[in-house]
Amino acid sequence: MKSIDEANQDALARMLAGEPHLVDVVPAAQAIPALTDRMILHAGPPIGWERMCGPLRGAVQGIAVFEGWAADLGDAAAKAAAGAFAFAPNHHFGAVGPMTGMTTKSQPLLVVENKTHGNRAYCAINEGLGKVMRFGGNDAEVLDRLRWIARVLGPALGRALRAVGGVALKPLIARGLTMGDEMHQRNVACSSLLLRQLAPALARTAQNADELAACLDFIGRNDQFFLNVAMAMGKALTDPACDIAGSTVVTAMSRNGTDFGIRVAGTGERWFTAPVEMPVGLYFPGFSEKDANPDMGDSAIVETVGLGGFAMAAAPAVVGYVGAGRPSQAAAFTRDMGEIVVGHNPAWTIPAMDFAGVPTGIDIRLVVETGVAPTINTGIAHREPGVGQVGAGVVKAPLKCFEEALVAFAETMGTA
Amino acid sequence: MSVIVNEVRGATYFDSIVLMRISRQVAAMAGVEEAGLMLGTPANKDILRDAGILGPDGEAAEAGDLILALRAKDTAAAATAMAVAKRLLDAPRESIASSGLSVTRTIRNAVREMPDANLALISVPGHFAVAEARKALALGLHVMIFSDNVPLAEEAAVKREAQARGLLVMGPDCGTAIIGGAPLAFANVVPRGDVGVIGASGTGIQEVTCLIARGGRGISHAIGTGGRDLRAEVGAITTLMAIDMLDADPATRDVVLISKPPEAAVARRVLARVAQSRKPFTICFLGAADLALPANARAAATLRTAADASIGRTHARAPASPPHAARGKLVRGLFAGGTFCSEAQIVFAQAGLAAASNVPVPGARALAGARDVHVMLDLGDDEFTRGRPHPMIEPAVRDRPIAAALADPAVGVILLDVVLGFGAHHDPAGQLVGVLGKRDSRPLIIASVTGTDADPQPRSAQVQTLVDAGVIVADSNAEAAELAVTAVGGAP
Amino acid sequence: MDARDAKSQDLLAAAPRVVNVGLEMFASTLAAQGTRVVHVQWSPPAGGDARLAGLLDRLRG
């Protein structure tokens, strides 16, 4: 009978053995056949319309209009309240999405394939900064951009990726870590490396020069472009560890603006939820805590695989940006996360910590014992839909999720 | 009308020494009657309740919460003091990591960081100590439990579990050990040598190891067993294991065993094991007479005699005679070390002088109702240390009893112990001289100084400070007690 | 000498390698004296919640 420690080593090994490749961009309906009309996937654990926060509702309204399931935003809201749409977490369909995380049949999704285990995970393409649907934006400008992404950018990226046979992500991220990225709040290096790798293929497979220029410009101006790639990669790495009996390793952390949810390998698909906490951070000029929306997004999947807040030591510039202290204290964050994990990732190392691997494999037992909760680097959205990002900060996963998970896990082991 | 104010902080933990220092600072503020910052364990709540500073908020606190409690003369003073307490608590402290020390949050991660770790030194509140000890044992570490307030049954259980794994548990309430030359908790700097010590008392170990060092020999290891190891419930598990270890240790030639007198059955077991050894043992069951000893063991009634015997010194050095200015008066012994208090009582009893104490040895009297009698106080006992630092850590808590003794016309001699070494005050002699006042109008002050010249507070300089202030410094606690006997006209 | 005796002899055979749990000053002293030590910045398990701490004890290993 395997011990918990052994099961955890197994879970960690599966996560570390993954070989994620960004292989394609395909319409969501093709990637996820179960995604039918009026199905709206969202970030975070399951939630109904009544409990959704402002930005999430705004996004739902916007995507309903985009897909043609509602005449306008008001109609969309009425239909949502009447139960016309089927809401489900991205996580339940092999997908993830940042912030509001809207995934519906017509959107193009990035496809990451884990060559080691053969599984795939999906995420929509990052819309850019400012007034976008992931912050609840839903006006004509937002929807027009989504249409352009579906019609031009998505297919262009798909052609380029197929032409090069996919992009290996593990070495790209290893390089990004040495260049100041942590893959959650800072993705500029990886975004640049990816564009550099794809540019020739984008050019060769372009339909015309104007579209090529528009695509290069769109990607090139978005420092956070790689975030969505990193997220899909995180999901692709953790899915093979999702159902390991006797393991206390966390396989997902996710928020919907109201609830924070985690999943644990030894309890399979069960969500353990608690109210999200408020991020603590720095605000853009003109904004403050009173404007902030509670924590949102599937992006905590990157912390689940040892990046983001866990790799803060690689990105000292982020520490100041997220208002978490002095850059010289960045290593302290990573060291703290080292207290609650099963091991470290030898493929992703941090120069400033003498090339120590990023702490990987959150163990709920260690979280409960030490009271050290996973630290997540996050953007802060305005609580009003459509305004956009108002700041960046750190947020802790609520201890209650881990405590409940521990009790449930103990019951499955017969030791409650 | 006094005001009690409590604040409770969830899941907050601070080093108890840090908390005590803050408590003392707040308690010293104008208008504050008493203050305590403590973890909300049941034992600590008792302390705060007894001190009259636990309010309803503090009562509701849980074991992992931090209680800030104080009593002040009015609301304004209370509010000011609470604000100061919080400021002191939240003041940024120099990061431990920046001091070069490796830091983790769990024993498990510490062992990951140092895979060849072999000893855990545990000084968390007693309520939690055995659980931590079990974690260490499960990882294959020997354990030293400095913490006290561990229930006797838990001590027995964890020692049995350790024994089954072949691991040693020193303690609970083990204040001193020296293993492989490493000073653990309150230890002195002594040379390595071939005398092994097994002690149920931290200060007993300190006195014996320092006397051996000053006698020109050295210590192989000093193993602490905790004060209750020789109780029937525990059955001498650690003592017997320690004898096995020193017996098998090639570096150990002589062994000294120090304890207060154990129950007969336990004493027999221990002495039977001693008999199986080929090494010479010195047995100091403090104050015990007429022991049936095996051939390889000799008895010593005091720590000084035990140290002398273990290094082959047999003649008793005649102590210098003090002036008889105190003839007919009373002795007041004010001890930081409980073992020294016991030893002094034994010396007095052997000289036929009656003494009373808050921790009376067999044959001595309890304090209650005692009048016109010599008094020996253990100021480190629970009744004096509730919510206050131990006098070994903070000598100032002895100041008031000293002042009271100085002012009492019936007192002719004040007897004191001064303990040096790691964990002790940085200048105990200086601190003591500061409270003693003018020498002409004073009773005789007789002190012993436990330490060596290699200690952080070099002994010779400490002794000089005392001598310059007119204190009579004896070579050992036992000799100090003998000098006190002589000074009041008795015959030691 | 069986395996259990070997462990106890190991303690006296060389300088100890100490895990210090609790009072920081003990770790500082050991480090200053040249003993190898790791300091555990301890806090009550599960924030003092006895039920959760008990669960943790049963789920160790």
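In this document, chain identifiers A, B and C correspond to the written order of the chains, with residue numbering beginning at 1 in each.
As a working rule, a contact is a pair of C-beta atoms (placed from the backbone, for glycine too) under 8 Å apart; a residue touches a chain by one contact, two chains touch by 3 or more.
The shown structure was predicted, so the numbers you read here are calculated from the model rather than taken from an experiment.
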item: Chain whose averaged C-alpha position falls nearest the assembly-wide average; value: C
item: Chain pair with the higher count of C-beta pairs in contact (A-B, A-C); value: A-C
item: Length of the line joining the C-alpha centres of chain B and chain C, rounded to whole Å; value: 22
item: Approximate Å spacing (C-alpha centroids) for the pair chain A, chain C; value: 39
item: CA centroid of chain A to CA centroid of chain B, Å; value: 56
item: Multi-partner residues of chain A (each touching 2 or more other chains); value: 369-371
item: Multi-chain contact residues (two or more partners), chain B; value: 11, 104-106, 109
item: Residues of chain C whose C-beta touches two or more other chains; value: 43, 45-47, 49, 53, 60-61
item: Contact footprint of chain C on chain B as seen in their complex; value: 10-11, 13, 15-17, 39-40, 62-65, 96, 99-107, 109-111, 113-114, 116-124, 128, 131-132, 134-136, 138, 140-142, 146-147, 165-168, 179-185, 220-221, 241, 244-246, 248-249, 251, 422-423
item: Of chain A, residues touching chain B in the complex; value: 332, 335, 338-339, 366, 369-372
item: Residue ranges of chain A touching chain C (in the complex, touch as defined); value: 3-5, 248, 365, 368-371, 399, 403, 406-407, 409-410, 413, 415-416
item: Touch list for chain B against partner chain A, complex; value: 11, 95, 97, 104-106, 108-109
item: Chain A contact footprint on chain C (complex, rising order); value: 43, 45-47, 49, 52-53, 55-56, 58-61
